[in-house]
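Single-structure report; data block below.
The chains carry the letters A, B, C and D, assigned in the order they are written, with residues numbered from 1 in each.
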Amino acid sequence: MAHQKVQDPNYEQRVRDSFARQQFMATLGASVARVTPGEVLIAVPFGAALTQQHGFLHAGVVASVIDSACGYAALTLMEPGAGVMSVEFKVNLLAPAAANRFVAVGRVIRAGRTITACQDELRAVQDDGEVVVAIMRGTMMTVRDRDGITD
Amino acid sequence: MAHQKVQDPNYEQRVRDSFARQQFMATLGASVARVTPGEVLIAVPFGAALTQQHGFLHAGVVASVIDSACGYAALTLMEPGAGVMSVEFKVNLLAPAAANRFVAVGRVIRAGRTITACQDELRAVQDDGEVVVAIMRGTMMTVRDRDGITD
Amino acid sequence: MAHQKVQDPNYEQRVRDSFARQQFMATLGASVARVTPGEVLIAVPFGAALTQQHGFLHAGVVASVIDSACGYAALTLMEPGAGVMSVEFKVNLLAPAAANRFVAVGRVIRAGRTITACQDELRAVQDDGEVVVAIMRGTMMTVRDRDGITD
Amino acid sequence: MAHQKVQDPNYEQRVRDSFARQQFMATLGASVARVTPGEVLIAVPFGAALTQQHGFLHAGVVASVIDSACGYAALTLMEPGAGVMSVEFKVNLLAPAAANRFVAVGRVIRAGRTITACQDELRAVQDDGEVVVAIMRGTMMTVRDRDGITD
């Protein structure tokens, strides 16, 4: 799409550096799997420490990696110096999140000057393929000139 | 409201037992603060392990405690033997989540036979009062007769 | 709340003038019932021309008046010359919309410089009181310096 | 997807008959453009009677055709005798809805026994192609054994 133009040639390192400052991603054991303009993939392994009461991945973990993937997908298209913050997101949980590994695929739908619409899906990686267990759509904001908010 | 009738007199213990099986809540350091019919409060302290890149509570942590509080608010009104699962939720992030302690207040809006609409807010507890930093609305489902899904 | 400060003393007339330009509101038979800072009420009578297949008010009509009420609630707090546009909204339909008259109550939750979070509920007005049949939360945007977008 | 199996061979006529009972669709000038298993397209022409204050299609009209398209996409997969109702939906407005004609494409994402997740997009049909101006995701419910709710 016309709007998905890179403004910062250093976008990949910028995403990886900012991700490294998200201590919560380390808590989850999540890692950046791929960064391309307008798209970021974040992987998270299953672990007992991340479960809800029935033994599946907690919906909050789902939301966490999905939110980070979307936010960083948006960041790939922002000008140097700007920061990214989540305005809102909605998650639909389609199936129990049961697998050994999950990948969140965050993508920019439309990047405006201040507002970026994005979507995401969480895929359960299984022996015989991938199954989408959750989908998300959200709004990210480009923050400028605010102390401490830069990425 | 008429729909918020308790069907299981043991609702509080039931919520606390199910919460104790959510290992992810222990990972976050979250605890059940209060259980009443149609309303559950979950508290979570701030910690560096829960932060996003600017040092605030990660939106995923916000979503996690909010989702659990809503799900358990719905569970307080379900018949014995049923289980609760999240269908969808939307979170609006109103302000950076900066405080030493947060409380999620989940409430049932309308409990139907299969579908429960609920809402939640995350309050940052500060010396001079509480500030709502995020709000959520979501849909919870009453699950019956499915192996392993009981609360 | 601190953010809900009026910047345009002419806010009520401004809302009413802009509403009068929404030809779709006339198509629905909707009217502005009340305008106060950060809150706008829009009324719509039931009519066969507004129904879905079971004879209730169509969810799209619900969304229409709810969206207008929220947008105009946001506009009451904007500076002169700015325009308002909807970024996103989510509607939960709680009960069939069956009544002779409905009122949408749109309220600002938090007004930022560019982004305003708001919520809304649609009340069915019945002989013995009002019942909330739908709830909404959404994001409105303050538009500046764009041709044709002023309210 | 495995879940998108037709249970009613008469699904197309069933959708068209139910749509014909939605008087609000006639008010909008909307028509069913195509019905296939798990997908329904609804077209609506631009008209001054459908506008918001800047002369674009009102967000409520967008939501209306999107909601109907999603609901009927869900209905194509339901057993005979069941009815469909909207539980919730979220709309993201990506660009002003300016064109002579619009098409809403509603699709089932996952059809469960009671709950169907679906998505939709509204395309502005222009001389040189189509532009997506709004996207939606929502939850539809299969209603059984309730008086007057059959499709």
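Everything below uses one rule, namely that contacts are C-beta pairs under 8 Å (C-beta built on N, C-alpha and C of every residue); 3 or more make two chains touch, one makes a residue touch a chain.
The structure presented is a predicted model; accordingly, all values stated were derived computationally and were not measured.
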| item | value |
| --- | --- |
| Pair with more cross-chain C-beta pairs in contact, given C-D and A-D | C-D |
| Reference subunit A; chain at largest CA-centroid distance | C |
| Chain centre separation (subunit B, subunit D; CA means) in Å | 32 |
| Subunit C and subunit D, separation of their C-alpha mean positions in angstrom | 22 |
| Computed distance of Cα centres, subunit D from subunit A, in Å | 29 |
| Multi-chain contact sites of subunit D, meaning residues that touch two or more partners | 87-88, 90, 92, 117, 139 |
| Contact footprint of subunit A on subunit B as seen in their complex | 18-19, 21-27, 48-55, 58-61, 63-65, 67-68, 83, 85-93, 96, 148-149, 151 |
| Residue ranges of subunit D in contact with subunit B within the complex | 87-88, 90, 114-115, 117, 139, 141 |
| Residues of subunit D touching subunit A in the complex | 90, 92, 94-95, 109-110, 117, 135, 137, 139 |
